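Chain IDs A, B, C and D follow the sequence of writing; residue 1 opens each chain.
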Amino acid sequence: MRVLEEGRGELLGWLDPDEARRWMAEKKRRLPEDKRMSLKEAVERFTQDGDYFALGGFGHIRVSMAAIYEMIRQGRRNLAMAAKTAVHDVDILIAAGVVDRVECAYSFGHELRGLSPAGRRAAEEGGVRVVAELSNAGFQWRFKAAAMGLPFLPTRVMLGSDTLHYSSARVVEDPFSGKPICLLPACYPDFAFIHVHRCDRYGNAQIDGITVEDSDLARAAKRLIITTERVVEEDRIREAPDRTIIPFYLVDAVCEVPYGSHPGNMPGLYYSDEEHMAEWLSLSRTEEGVKMYLDRYVYSVRDFSEYLELVGGEAKMDHLRRLELLEEPLKAPWARRG
Amino acid sequence: MRVLEEGRGELLGWLDPDEARRWMAEKKRRLPEDKRMSLKEAVERFTQDGDYFALGGFGHIRVSMAAIYEMIRQGRRNLAMAAKTAVHDVDILIAAGVVDRVECAYSFGHELRGLSPAGRRAAEEGGVRVVAELSNAGFQWRFKAAAMGLPFLPTRVMLGSDTLHYSSARVVEDPFSGKPICLLPACYPDFAFIHVHRCDRYGNAQIDGITVEDSDLARAAKRLIITTERVVEEDRIREAPDRTIIPFYLVDAVCEVPYGSHPGNMPGLYYSDEEHMAEWLSLSRTEEGVKMYLDRYVYSVRDFSEYLELVGGEAKMDHLRRLELLEEPLKAPWARRG
Amino acid sequence: MMDYNVTELMACVASRTLEDGKAVLVGTGLPIVAATLAQKLHAPNLLIIFEAGGIGPRIPTIPISVGDSRTFHRAVMAASMDYVMSCAQLGLVDYAFLGAAQIDPYGNLNTTVIGPHDRPRVRLPGSGGGNDAGSLCWKTIILMSQDRRRFVEKLDFLTTPGYLTGPGARERAGLPEGTGPYRVITQLGVMGFDEASKRMKLLSIHPGFTLEDIRENTGFELLIREEVSVTEPPREEELRLLREVIDPAGIVIG
Amino acid sequence: MMDYNVTELMACVASRTLEDGKAVLVGTGLPIVAATLAQKLHAPNLLIIFEAGGIGPRIPTIPISVGDSRTFHRAVMAASMDYVMSCAQLGLVDYAFLGAAQIDPYGNLNTTVIGPHDRPRVRLPGSGGGNDAGSLCWKTIILMSQDRRRFVEKLDFLTTPGYLTGPGARERAGLPEGTGPYRVITQLGVMGFDEASKRMKLLSIHPGFTLEDIRENTGFELLIREEVSVTEPPREEELRLLREVIDPAGIVIG
């Protein structure tokens, strides 16, 4: 298969499909076991310095922020991140010195809120290296290739661009159409956290609303930790099996973390906390501010429930719930009018 | 891209991805329109002699049998069928002279009920030609390649087999692992019928339970006719958009056909009608029997609702509903004990 | 000695082959009966998977089709064929059951045609999910009748790969490493495959049959394990479950 | 003359570019404001799609993220990124909005770095869904600020393909036929692309600006349509909808 072009980006997370099969056969247990544990334990057991990892959700939506704070608290180092649509997550992880390499589809930005001072400062000063570029669909399909047990998936994106030159993709001639086509190598992150609406003790997990790329990421991840708003009885899952997005045999740990996506949005349950986000965006303009934020919200608390108290507790969560249900209008501190 | 091996099967349904894009852009309207029509009209407008087609569902489950009877009634000829897990559908279509070519993953059998006399007789006597072999996953992924707008999808099935030699797939060397890999060409059937639990007048469709390959087939089909147990209000769909499997812009026609999967199973609503199936299996042992069956159940009725009366009407449908809900034990006339 | 029929014996032998905590891809008929029996005895946590999308159902009655509503009744997941086949391709499915009209010494299977492909003497259903299961699952268990027309030196059509032409051939073809046929269970005995040559090898003979019966009904040279055992016949509890609980209507076991 | 700001003008111009009954892939911010405005005026059946999975929502308030719950509120489908991107790859998405830090005469875009990639002077977010939208959707509409540092002869980094090096270059690279940049809307005017050369071409100048303003703020030679028109300013109804209905908090339009 003649290669017309080969990206120079670092090939992170790729496994020969036979190696991947061996991992899945040996490490993913088809035996249903009670996998409930504290997030502290899950981070200790399933994340290692130097790992390449990914997070479920999208941007500020349904991202396991609780896991991120816990990784910072435990002082993980030299992680490489699959920065698909990475926003507050990658920003705070870079700022805290946890992540020093990214494969980048989208980072260093906060969508409507503007650029991320901390992440961008690190990228420009060498604190974090972008070891490969990619696009959002590129990540999606790298995960899908892995989820399907394939070495690659073809795609018509990336072609003709520097995004391709700096990626790990390759261009070949499609033997059916004769046209150039981009092959995206499979991506098996060492670990992934996916935050869900509900799952049972074995890890059978359901997500409401868009699933983004989590069906594929769940199969691609070598180690998968589910954080969940609620652990429910197995029968609740079995009543609506067509709502299950992740079956138990992919899951290594189940951590019940209500509001675990805060300060992000959890569809149907709570909207993003723009006050908190604004605080970070303001503080992170300086290294001192970063330190102040981390001391206040990460190092000075033992776990996520203490953090929730700090950011406003039940009253704040009620407010975010009303915002989500459109019972209150959104006021964004960073917006131009009120 | 050096081809190590090339199947000799006929390449049915393949389109260059740019041709496929042009079709989708021009023929699939993003404008929501009321697409309700009779099944008679849908078959007249969207199926043509000589077409290559596929059916949603699986085996005897959630297959649009009503569409099949209507195609027979309208005397369609020389159709080629994507016989994925084709059972009663392909059997009766061959027997009626509608289908004369199949791309075959599974045909000529009735699963637990044994082989299909009519289809098998035709295959052995030349009444139907198998123009390509394939596997079930092979069909699934041919449809998925099309659904993704790709020329092919790679897979690790079919390798080393005569199934490959007689298919339209090709084997190349994977540029990442260096191992041989099978490329399945995209499959865009000229038309497809998919039977669903509910959809709105525009075609936004929801399916309960397993979706088999219908999410992909819906995007792959050049013309898509939805038959549905019920047409519901648009708001009913929009209340649970994460249940939508097929969005309106893929759909060419919406036909409300209650019990449209009879004599097959519609999950949650009615079980398969084994009495009727046994009647067909018995009659179809001879050409006279085939003619008798078709006269009785297809040609002598105007539409599917008349057929439903013939096969037992409300009383029969109630019985099948109770079977489905496990309120009655199944008695299969073809089973050894009673 | 208990009174039992050959289907019941095959169901019991197949059932005992399955381990607890593993995943098995099953078709309708004998496989689902065997897998359900295993769940009720030594393998309560056997994960049953159907190719059309049902994963881990609580099967209320025997499904007639691999996709009917019983195959995802109170399942952990009602997915799609893509999902299930992808999981198999990813190495997550331990066992699969297959049937066949012909088998050769390397466990290659024919379910497509008897006679030439273009004008078959007998047209069979084709691969179905057979090629997929035989390509992707770790260990395939073949359930079929044994006679000289079925156990042949050369297949009329190689639908589903066994060990192809012998050691290393699967891997050279690009098939997943470490996979292949594991057991062949017939009305006469149980066969496995020799590790070195990948040829079929007799492991045990069912009660009442002899080595001669096996040889007479095999159209190629079968390797014989030094100590061929006698298959353990169905136990009372197995037969009770089969007849009273799993298949009371005799849909499969007759 | 109405009083309006440049964001409002750009929203109105972008909105008018969209046709009814077409599908548009939108990002947050100006694109969603423009698309919503179009829905409320001339394009009630514009199908709005978000890359994270939301298809055809009834947007209750402006989403802050391309994936937040507003992007699939009472949608026709809450799908996945794979689903949406596959639909785009299949040719089902007519328009996409993109932003950029740099653009060149062929409409190629940079959203990755200013300066060298390994030690950037300014590190930008990267492709996000930009490369995907610019590769797969039929017509891309670029919304950005115009000045000599942004409208450049040569990009620091080609994140998202426009017409690459000119006629036929996209197709030679393997990109879908017939796709490419369609409009560039800035604070100064509206540009399109010359059919023969695929180079950027001035179509209209916003009220209050001159050809000289455009030239001074463009770092390459811009083709000029023979009759450059003046952009129609925002109409009263457009401004009312923007300010009172679509973005009352001024999250996007200020």
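By definition in this document, contacts are C-beta pairs under 8 Å (C-beta built on N, C-alpha and C of every residue); 3 or more make two chains touch, one makes a residue touch a chain.
In this text, all values refer to a predicted model and were calculated from it rather than measured experimentally.
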Between chain C and chain A, distance of the C-alpha-averaged centres to the nearest whole Å: 41
Whole-Å gap between the CA centroids of chain B and chain C: 27
Whole-Å gap separating chain C and chain D, where each centre is the average of the chain's CA atoms: 57
Residues of chain C whose C-beta touches two or more other chains: 72, 78-79, 89, 136, 176
Where chain B touches two or more other chains at once, by residue number: 17-18, 149-150, 155-156, 179, 181, 209-211, 215, 241-242
Arrangement of touching chains [line / ring / star / complete / other]: other
Every chain pair meeting the contact rule: A-B, A-C, A-D, B-C, B-D
In the complex, chain A residues that touch chain C: 17-18, 20-25, 28-32, 146-150, 202, 204, 215, 219, 235, 237-239, 241-242, 244, 247-249
Chain C-touching residues of chain B, taken from the complex the two chains share: 57-61, 83, 85, 87, 104-109, 111-113, 115, 120, 123-124, 126, 130, 133-138, 140-141, 144, 155-163, 166, 171, 179-182, 209-216, 265, 267-268, 271-272, 274, 324, 326, 329-332, 335-338
Contact set on chain C toward chain B in their complex: 28-29, 51-54, 60-61, 64-69, 71-72, 78-82, 85, 89, 112, 117, 119-132, 135-136, 157-161, 164, 169-170, 172-176, 248-254
In the complex with chain A, residue positions of chain B that touch it: 1-3, 14, 16-18, 149-156, 170, 172-177, 179, 181, 183, 185-186, 208-211, 241-242
List of chain C residues in touch with chain A within their complex: 20-23, 45, 47, 55-58, 72, 74-79, 83, 86-92, 94, 136, 138, 176-178
